[in-house]
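The structure follows.
Chain nomenclature is as follows: A, B, C and D, assigned in order of appearance, with residue numbering initiated at 1 for each chain independently.
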Amino acid sequence: MRSLAKWGVAACAVVAAGVFAGAAQAADTIKIGTFLSVTGPASFLGEPEKKTLEMYVERLNKDGGVKGRKVELVHYDDGGAPDKAATFAKRLIQNDNVDIIIGGTTTGTSMAAIKVVEPAGVPFISLAGGIDIVDPVKKWVFKTPHTDRMAAEKVFLDMKKRGLTKIAMISEDAGFGKSGHDQSLKVAGIYGIQIVADEVYSPKDPDVTAQLTKIKNAAGVQAVFNFGFGQGPAIVTKNYKQLGMSLPFYQSHGVASKDFIKLAGEASEGIRLPAAGLVVADQLAATDPQKPVVTAFKKEYEAAFKSDVSTFAGHAYDGLQIALAAILRAGSTDKEKVRSEIEKTSGYVGTGGLVSMSPEDHMGLSLSAFRMVEVRKGDWVLVD
Amino acid sequence: MSLLKVDGLSKEFGGVHAIEDLSFVINPGTIHSIIGPNGAGKTTLFNLITAVYTPSCGKILFDDKDIAGKKPYELAAMGMSRTFQNLQIFFNMPAIENVMVGHHLHLNRRFLPSLLRLPAVVRRDRECRDYCASLMEFVGLSRYVGADAASMPYGALKRLEIARALAAKPRLLLLDEPAAGLNATESREIDEVIKKVARTGVTVVLVEHDMKMVMGISDAILAIDYGRKLAEGTPAEVRANPAVVSAYLGAHA
Amino acid sequence: MWKTARIGGLGALALILVLAPLGFPNAYFYDIAVKALFNAVVCIGLNLLIGYGGQISLGHAGFFALGAYGSAILTVTYKLPALPAMLLSALGVGVLAYLIGRPILRLKGHYLAMATLGIGIIIHIVLKTESGLTGGPDGMGVDPFSVMGFTMMGDRMWYWAAAALLVLAVWLSLNLIDSPVGRALRAVHGSEVGAEVVGVDTSSYKVMVFVVSAVFASLIGSLFAHKDGFITPDIGSFFRSVEFVVMVVLGGMASTFGSVVGAIILTLLPQVLTVVEDYEAMVFGGIMMGTMIFLPKGLLPSLVAGLRKRGGAAQ
Amino acid sequence: MFAELLQYLFAGLTSGAIYALAGLGFAIIYNSSHVINFAQGEFIMIGGMSTAMMVAAGVPLPVASLLAVLVTMLVGVALEKFAIEPARNADVTTIIIITIGASIFLRGLAQIVWDKEFHSLPAFSGETPLNVGGATLMPQSIWVVGVAVVVIVALWWFFNRTLFGKAMLATSFNRLAAQLMGIGVKKVLMVSFALSALLGAVGGIVVTPITFTNYEAGIMLGLKGFSAAVLGGLGNGMGAIVGGLAVGIAEALASGYLSSAYKDAVAFVIILFVLFFLPNGLFGKKGTDRV
């Protein structure tokens, strides 16, 4: 029995050591909490987000911190599970006493965390795309990426310009694609777009030619729009080519990284998608206010990690910059002050575009923040 | 009136006849043995009688009721119980509880009283435990009353199955090679147990290899080979039957 | 023997549950504790199926999720009060489990594993796809739990509710196991044909325990939905089902208290393993393997056996 | 109409052959040990990932493939030696948990040794689709089907024509008897893990050009492989192939003619339906409990 007790004590000590690790820091550091999907199906979004936050926080501290205060990053990996995200949000707030939270790789994890963040009154900048995060506006919740609705609007706008009105949708049945799909259906009418075929696939399907065949044989389809991220869209793209389909093919901003072109190879030629300025940094006009920001970020990121920059890394970068600027303006880490300063963010030029928030808009991006890009010769080319 | 009537019973496994056109009758209050060489179909016959297998054709009447379509547990409720050649002990349970499962039909089996541990259930369970302990004593297992089934020797497990079968209060008890794998002393003891059981008015059907035991305790014997009846009658008659002798000599040669 | 284990065990559990909050510095600890206790109740139900009944289910998170979504949809969309919604969901899940259980519990071993896995995945797919009803993969919000004007708020209140529920669940489970019904159930595990020939309707008992364990999962799923206030189909995924089974097996099959231990340890483990960061999955997998290799009977039974051995040696 | 159906069948064939390869690995290990190895998908992932990483580093594909197969076999043998062997007499459920633990461990390892990104390999015979009756098929799909066929023939030869193979089969029927006949059960177990790791690795390499790979790629393949193996009847290699193709084709036809959202559900409903009538799968041994 005594050995049982001993084990019990030891186990408690281990738990406490793990859990209290964050709590015993100096009081005047600025604590930024983050929970990201570093593993799980959204890991290739969460990973660059985490790396970006770590890199810039480290750099910040090397340069002397924020007004002499060191910045500490407390990170947890939610594995893409919303209920875990909620628990980690609670841990960040209750146990680690963070001043602000930047994180939530997916809409699901962000939405779950909101249930914790809102009553606790801690500023939260989400890195996920879902429009539900900021619509309706929630007092403490902000987000940096464009919404899926905006992506759909940008695509439909481009279609309209090209005179394409009858389209087919193929979307992933997981969070990002499903939400994007639902938003697309909502706004299609506004742009005079009619969705005449509507298919889905699972993120890990090895082959989607069956769905594409159905689309191919649907009457009157003038263009195809794929909403998804990860390897799925690359497989869709390859299958699209395999079936010899030649209709204009649109992807969502979920694939706006070089990896997509690498995976899909030649099949990606001619694909159009809405993306942040970041992916076409060097093609932006010299007068474009975004140019210096995105070029610098791209250079720094790629130098540090030897891999192509992704827009998701950019979302994290923007979140961090907006948070730090707000803390600077607030002159303290008082949560209400920081919150209202974030809300007053105006004219911030980030990797995602020009951000001007307001009490009615906790994202602050306009449709112009999206650029329409096309894949040509294995690279992104700015077309609009 | 017969307790068990088997009529034109056949069982095929993938074209092979394990039992073929077998008919016989078992009268109440007797010890009835079924003998035959290895692979003669004895265990299959047991499995058919207890509805573990379904016959290919033929009829089995228990208490003049056709058992076709009945499940083994329904037959148990009608008063039929058995043991197994390959032990079917609940090794995950204490010995006494193995026997208590045997008494299942005579307990309150409703879910809610069990879940809520109603006093009546507890009381009845305590009585059942005492009764089952006495059954274990009856078969000579008194020193295993507190044991786990998994820790008991083979010979004791054979008796545990008998105790479990008895706990169901059967009128017909089928014992599948109760003495197999036992030494001479243990065999004799089992022999005694079976006689004791029969004396309580339970009809016993026995499959057994131990000829000494069979001849000693049986009131009637049915000899089968290749699933067919070779002979039937009193021990003396069957012993004298040339077909039986040759089957056994043939089997042992 | 049984009696002392019952009353002593229940008393010890209650004492630990009462004293544990003394070591909780903040609401986060309560939150984790509530999740651990919720999981413990699900595992107690699942243990009846796996540990005692000798069956397997790799789809129980599906029932958990159905309970959660049942409550969510009935309260949010149909404005039903929380308690009837929870009971109605549990009833629905019970009926579903009965209808499914009848045919599939004839299967054995890995085939049953496959069938239950399939059921779980089908439920998950439906929850993901029917977004009009469920909000789709991005989930839906749920209102707090309130009964007759009294609303469950805050992690502390939930803790006491969950603790009481766990004690109740343990009590019920211990009752059931040590009853004619429970004995028959354990006998089904020991030998189906052996149980059958002495009058145990094995298929009914298998279906019964399947239904009971599904209802346990459903009820807790409902509470979980109200507590977290937000649910996604993710709670019904295959991995969650596996997680439940791992809790049961790691804690110790056919041990009610073992399930509690397993659930608590496996709920806490990811929170503790955040210190190893990127190595979390490796360490987690390693612990799972190590425990099962060195303590194949599970944590609690192995511990008890070890103590008994030592006690025996000392005498 | 016909072209459409043919295209669905091709789609199903591509997915199905992949599932079949995954399912075969389950069958081999089950055959000799009655263990269901839930880390089978991870063998596929390791084969694909290590090849892709080596090719990216400039190693020629054939060399990289060979090395990857060796690496995976090493992992398979290590898994058997350090995780399955010590628990050989444990309960079925216990062993299931061990292999699930192993799959989590291997995923964790892969994400550290390599990364979390998706990787691909160039298709072995180019990316020009073949046109058959108005439907198209990628040459790589034929590679997958071809490899599956070669593997099944090789396995058949191994289990029926070589002494060691026969010994392995014997072990699956009766471990004690095999031991008495001087067959090293431990060795058989180890070889079966090495064999299914080999198979997994080969599968991983041929499917990577189609599905890409990352550290989590094994999850789905493991699940579908298990489904294929069970549908076909556990321990039956041919069954696993047929099961895999059936699942793949059912999914494709379901997305073509019913609903792509419910195609996975349709596949599982079919499996449940089959098990309802054939509780031991399509080709499983119909065992009668001997009591």
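Assume contacts are C-beta pairs under 8 Å (C-beta built on N, C-alpha and C of every residue); 3 or more make two chains touch, one makes a residue touch a chain.
Predicted model, so just to flag it, every value in this text is computed and none were measured.
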Chain nearest the global centroid, as defined over all protein CA atoms shown: C
Chain located farthest away, centre of chain B as origin (C-alpha): A
Mean-CA-position distance for chain C and chain A (Å): 34
Centre-to-centre distance between chain B and chain A (centres being mean Cα positions), rounded to whole Å: 70
Between chain B and chain C, centroid-to-centroid distance (C-alpha), Å: 40
Contacts with 2+ other chains: residues of chain B: 52, 84, 88
Residues of chain A whose C-beta touches two or more other chains: 38-39, 173
Contacts with two or more other chains, residues of chain D listed in rising order: 111, 261, 264, 291
Complex contact set, residues of chain A against chain D: 38-41, 43-44, 47, 173, 199-202, 204-211, 213-214, 217, 230-231, 234-235, 238, 241-244, 259, 262-263, 265-267, 307
Residues of chain C touching chain A in the complex: 23, 25-29, 31-32, 35, 128-129, 131, 136-139, 141, 155, 224, 228-232, 234-235, 268, 270-275, 277-278, 280-281, 303, 307, 310
Residues on chain A engaged by chain C in the complex (per definition of touch): 1, 3-4, 12, 14-15, 17-19, 21, 38-39, 75-77, 80-84, 86-87, 90-91, 93-95, 107-108, 111-112, 114-115, 130, 132, 173-175, 178-179, 182
Chain A contact footprint on chain D (complex, rising order): 4, 7-8, 10-12, 14-15, 18, 111, 115-118, 120, 127, 129, 136, 138, 207, 210-212, 214, 216-217, 219-220, 251-253, 255-256, 260-261, 263-264
Contacting residues of chain C [partner chain D, same complex]: 50, 56, 103-104, 106-111, 113-115, 117-119, 121-122, 125-126, 129, 193, 238, 242, 245-246, 249-250, 253, 278-289, 292-294, 296
